[in-house]
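Below, chain A partners chain B and then partners chain C, in two separate complexes.
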Partner chain A sequence: MRPILLAGHERALAQIKYNVDGDLIFSVSKDQQICAWFAHNGERLGTYHGHQGAIWTVDVDPTSTIIASGSADNTIRLWDIKSGKCLKTWEFPTAVKRVEFNEDGTKLLGVTEKRMGHLGTIVVLDVVVDVNAEQNDEKVLTIVCDESKATVAGWSYLSKYIIAGHEDGSVSQYDAKTGDLNFNIAIHELDCAITDLQWAPDRTYFITASKDKTAKLITADDLRVLKTYVSDTPLNSATITPKKDFVVLGGGQAAMDVTRTSARQGKFEARFYHKIFEDEIGRVRGHFGPLNYVAADPTGKGYASGSEDGYVRVHQFDKGYYDFVYEVERERQRELAV
Partner chain B sequence: MAAPQATHDWADEVEDQEESPATVADLPPTQKIQNKDGSTTIIEYRYNDLNQKVKTTRRIRFITHREVVNPRVAERKRWAKFGLSAKDGPGPAADTTSVGENIIFKPSVNWRKDAKDESKDPNAQAMKDKLKDKKVKCRICNGEHFTARCPYKDTMAPIGETGGADVAAGLADEGPGAASVGAAGAGKKGSYVPPAMRGAGAGKAGESMGGKYGERDDLATLRVTNVSEMAEEGELRDMFERFGRVTRVFLAKDRDTGMAKGFAFISFADREDAQKACDKMDGWGFKHLILRVEFAKKAA
Partner chain C sequence: MAPSYDTLRDEDLDEDDYDMDEVDISDIQEKYQVQLEQGYDTFVVVDGLPEVNEEQKPKLVKFLLKKLNTVGKTREDLIFMPMGEDGKSLRFAFVEYSSPAEAAAAVRQLDLVALDKKHTLRVNKMTDVDRYGREGRIDEEYTPPKIEEFQEKEHLRSFLVDPSGRGRDQLVMYRGETVGVFWNNEKDPPENIVDRQHWTETFVQWSPQGTYLTSVHAQGVQFWGGPSWTRQKRFAHPFVNLVAFSPNENYMVTWSNRPISIPDEGHPSLSLDDDGKNYIIWDIETAKPLRSFASLETPGGPAAPGASEDGKRQKLPWPAFKWSADDKYVARLNPGSSISIYELPSMRLMDKTAVKIEGVVDFDWAPATPAREGIKTYEQLLCFWTPEIGSNPAKVGLMSIPSKEIVRTLNLFSVSDVRLHWQSDAAYLCVKVDRHSKSKKSQATTLEIFRVKEKGVPVEVVDTIKDTVINFAWEPKGDRFVIINTTEPVAATAVPPKTSVAFFCPEKAKGNAIGNFKHLRTLEKKNSNAIYWSPKGRFVVIATVANQQSSDLDFYDLDFEGEKPESDKDLTANLQIMNTADHYGVTDIEWDPSGRFVATWASSWKHSMENGYHLYDFKGEQLLGLEAAPPTLLSKEEQKTIRRNLREYSRIFEVEDAERINSADVAVVEERRRLLDEWLQWRRETEEEVAEEREAMGLPLDPVAELLKAKTAEIAPDQEEQVIEEIMEEVLDESEEIVA
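Entry: the complex of A and B
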């Protein structure tokens, strides 16, 4: 496969999101702009300007009408995808590290940083998915994380729970209506921050990536660890590929350590693991900095990775990717065919 | 262009020229040439940031690839560009989008092994055959590789210096081809010989300088290769101590990673013990690898 290199950012990538149809890619980086790209040929649709600080996070609503972004300038902004106009700005006391729309796009959650005497919080905002509509100023819900700050969070199926990953390696389940903590379980090694949380297509389970060099598949209902994927480098991101039962992990040594170790120790590769068997089945190299985010195309045709080196690489899978099955899977198919 | 005014400074004039629209018109028009094989050559001219004229020649083959997409997706493809891309023409802009080199990605359970098999592909083999008679020779170990690629380059001095000599001699008999190279390297004419080593011969000089201890040390030293990356000096010591008193264990390690480099030297107090150890341990399985044990320097 020949990856498409997107060089729209001047600084390290923070997050990449595909829209539901898999034809648009949104990328954000520390250089204060959001880029929208066509996934099939890497053409840039446009850029969104207005943030005054590094942008940490972006998310697309399910109808691909608006996007939300969270930044180090302490705001969450809503943007019209088509025109690039900023529709709404919410201000917070500290930086916003993660935003996510719920399944029907009516609610938006934001994770705010713990800093300057403020505790880390998860806020929920009401959103109207309409470019011309007036957006509500008020927060619907604020969950304060007083023990360990939340680093990532997301909505479970039917917007029933809010699941948060914490800096101390634990995962919490909150009731999405009341904001009450249902339970908090230590999942990853103590004090190895959870760096990413991405959902399976049906949002009944999710994958977490952590600095403890593992990624775990966890159920939303009872936070049970289904699978563990062990790698040899701190992970920044993990995603579940649709169509094929794989997961993609991205990482590499921390950006601040890159210059202190030799390049061949970098391990700046996207690692593919089999979702069920937990085996590593291949790597894709290319970046020359740690991978900060990996995103799977919802149509299952490819994936994109964003790195500290400022590039987004969009990959379309070859035939060999689709053909790969385990021997036991092949036998099972044969049995079913008979 | 208008004639320059009398009061004009020459420096301004140059700048005026560069900024005037006339320069854009100076550029030859974009050419499109249809090639016989169906591809199109596009030659474009533009000025870069330094106001230098740049000619870009692109050879493109258009392949129509039909895909049925959701109407929503089709509609989005017609959207006007905005922001920094507002001025971009249709299609990917060259400054933001490029195509990377081809990556072979084939998921496989034993992908680690597959990656190593790349050396078996016919191209590499053909190249190897061609280079067989060329005799690339490493200055450090006399092996058939470039000095820069030498696995011992961080730990060994180039051949001729005493430090590297035992390795070189040891390596020389690894392959049938390498043997002759090694021998030739040692006695090569025209190579620099330090004054102290000239004349009577290196062996004698070394004897008188190093004394008896150094000689014995050399004679009872084993070179162990194909050692696992995970190996520790202690483990090697334990393994070899069974045969007699071990005076020194040296395991070459990578400076950055602290992992073993794959070879070690074991010195015995007694040559007979060393001989025993060599016979027993050559071919011994250690951490999934089969050790190769031989004397570091052949008994002269």
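Entry: the complex of A and C
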């Protein structure tokens, strides 16, 4: 499995997203650029210019028509993927840390930072997935997080709930229509911030990564912890691989401590765990800084990791990956075949 | 402003929210304590005197004075002998000494001393008589002391019987604020037995045979043991810093840099005699102090508590008290003059005097009871060395105890330093001599090996080594050794030391004799600085510890079973490196007592980076992160039979191991099957529910597929779907060849 190294960014990576077909990769970094890449050969399709600050987040709509990005310049922008044109800019009082489209691409949520007297919020915007359409200026909904600010958030199946991960390690479920808090549950260790939240393909469950060195698989409708993956390093990201029942975790020693130790001690590896059995299966090394984001190809053919070192590494799985099954899984497959 | 003290109202005081008991005022107490009873501290009461009348009295006083003056200073007029109404003495006397220390010495040394054939002196302190004998303190009627009913204690060596029957060892870990004891589980994470918060205040330590786990507190030392890890013993030595055991766990030495100060109300186990002392020797069985000692004054001046805080403390020789192999003697060095040897359990100075050795710098006991040829009587050996004094040569001597006979001496010239290294069976003593040339410019090292068990103790000189030898270690129970040389002095820890490692072993010889020691191999260009032999011999780990740049671990086998190089055919070793490992920042290494595992750890006492531990097997394969064990109870013959049948045993154990792994596997597989079923069940339910919901809401089952279909229809309304195939060609390699 020889990775493709995407060396287009000059600063630390913040987020990476595959489109639904798994043929395009969008990456954002602190260097104020959004890059689009072909997944199969790592060729750069283009960049999107306009943001005036570090870009924290990006998402692509299900039809691969537009992308949304959130930045430290306090804006969320919509872009036409094909032309690179900025379609819309929404302004906010503080930086935007996370954006996500809902399952049909009609709604967009944004997580805003708590700063300068402004509380952290989750905003919902109506979006028309059409490059020529006029976008709505108004926010449909604003959820204020007065307890502990939200660090990450996402849409559940049927756009029923908005799930948010908080700085204090708890996870909240909000009603996506009214914005009411349904419940808030302490999931990770107290005051270990949740750093990532990524969905299973059907958005009925999700995985959270936290600074408490664990990742957890949680149901969307009752926030029940299904699985816990224990690692030996603070985690920045976690993703669920489609097709195979694995999860990939990424993290490493905090960026500020990195210079104090050698690379081998920094734990800058992507770690594969079995989704159901919670065992660690393997590690992929290569980065020389902590992994800030891991993203799985929705077609299940590979994954990409973005690191503090400024590189994206795109991996295509090889045969061994597909062949690897636990004995009990093989047993089950045989049963199903019969 | 806070109210000044005299305007402070009672309510204010009551409102204080701290607990008075928690405030540590012991240091203030120590400083300002008023010794109220000081006036009587110099008095002793001497009982057991003969009955005398007025005329005989001066004679008795004079006679008594002779005795009394052996321990301190007193005068005739300071002895008061009360007379009864009938003109006869009451058979006791009050004596005043010039200092409380002398009075204490009198109690210690004159009590139970015979005055003549009929009379035995009983000497007590005046204050004690007052304290214990005051009216009402003593019950007129004798009540027999209540003997506590015998309660069966937990077996302190229960750790030898592993509940899983696998002979695993225990290990202790002190991390964060908790101390935990674990079973070492080879490849699996250690199994926790007990975990306690704040179990110790400074460190934990196993006793040499693993019977007790020692925890150290400001109040003293505590022992823990048994299957439930209950407290076994308490040794109250205030502000104790260090603990050392005798080899057979009979006695213990504790040391504190603060002299003991006995509070007025007395101390539960220490007496006034111990005041101002630093060392205490304890009997472990009874948990009672045997004798206490003050720290020796260093030549530079008295070792003030303040001075010992800084660098000087590093130089403190520890262990200060060295034990003979069988716990019968303990000795302390008085640098430059003598060695004080005390007999146990009485703790009396052997032959009432220290062994005078002019200029003695260091000494060491033989670590095992020696069995010298032709010597049938009981003896322990100790070796010592003296530097060159004037025109006299430096000397290394071997002394037999208790006879104090010098068994062997060796004269040496141009000596700058000597180190004494006993082999674990006391079969050999290697004396590492650092010599300087006449100009004192170049250094060289020679190794002089005393063959203790052979007749006349012959000394063999192993070739001169030009470089400085920084480390030396005998193979335990064996006759091979490893040294580490360096051409440059060992500098700061920031750079890896440039060293070479040399192995030595005896030549093959006829019969049971052991041949001359020969150089086996030198490995150049190493960075190692430490040698750790397996406690069973044969295997050795050469490592670089406490170094920021290098942290290599090399695992060697000296009896490798493979091909032996031609050059080594006359030697009794076959050296083979088995593995190398790297544990970043390692500071300490330890073998388990069975020689099966090696633990390496980066202690947070020494640096704060990457603290943690690794566990290796003897071959150097890393396992996961060990208790000392007493010597085997099997006789030599039994051991031999076991060794003979080892193959059979190992087969049984292998089967057991395999079964254990299998059964564990079965359990794991069962568990996985359950997890998988659970997961699939949950997925099925969730999928069904979501599908129902979608249907109810009139939404497509797969929203994304619908959207994509819609988009395709928009872009190309005439056709359903379009597949664009792109064929990529990649040039992998290009080469030119000229065809003739």
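Note that in this section the second predicted complex is superposed on the first by the 332 of 338 C-alpha atoms of A that agree within 3 Å, B and C clash if a C-alpha of one lies under 4 Å from a C-alpha of the other, contacts with A are read in each partner's own complex, and residues count from 1 in each chain.
Heads up, the rule we're going with is that a residue touches a chain if its C-beta (ideal position, glycine included) is under 8 Å from a C-beta of that chain, and two chains touch if they have at least 3 such contacts.
Quick caveat: nothing in here was measured; it's all calculated off a predicted structure.
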item: Fit-or-clash call for chain B and chain C when the two complexes are aligned on chain A; value: clash
item: Chain A: partner with more touched residues, chain B or chain C; value: B
item: Partner chain in contact with A:Ala133 - chain B first, chain C second, else both or neither; value: neither
item: Touched partner set for A:Tyr157, first chain B, second chain C, both or neither; value: second
item: Which superposed partner A:Ile4 touches (first chain B, second chain C, both, neither); value: first
item: Partner chain(s) touched by A:Asp104 [first = chain B, second = chain C, both, neither]; value: second
item: Touching partner for A:Glu329 - first (chain B), second (chain C), both, neither; value: second
item: Which superposed partner A:Ile185 touches (first chain B, second chain C, both, neither); value: neither
item: Doubly contacted chain A residues - partners chain C and chain B; value: 41, 261-262, 265, 326
item: In the complex with chain C, residue positions of chain A that touch it; value: 20, 41, 62-63, 65, 103-105, 129, 157-158, 202, 204-205, 219, 226, 260-262, 264-265, 276-277, 326-329, 331-332
item: Contact footprint of chain B on chain A as seen in their complex; value: 1-8, 21, 23-24, 33, 37-38, 40-49, 64, 82-84, 246, 261-262, 265, 272, 279-286, 313, 315, 317-318, 320-321, 324, 326
item: Chain C residues touching chain A - in the complex, by the definition given at the top; value: 584, 609-610, 669, 672-673, 675-676, 679-680, 682, 686-687, 690, 693-694, 697, 699, 703-704, 707-708, 711, 728
item: Chain A contact footprint on chain B (complex, rising order); value: 67, 69-70, 72-73, 76-77, 79, 81-86, 88, 91-93, 95-103, 105-109, 111, 256-257
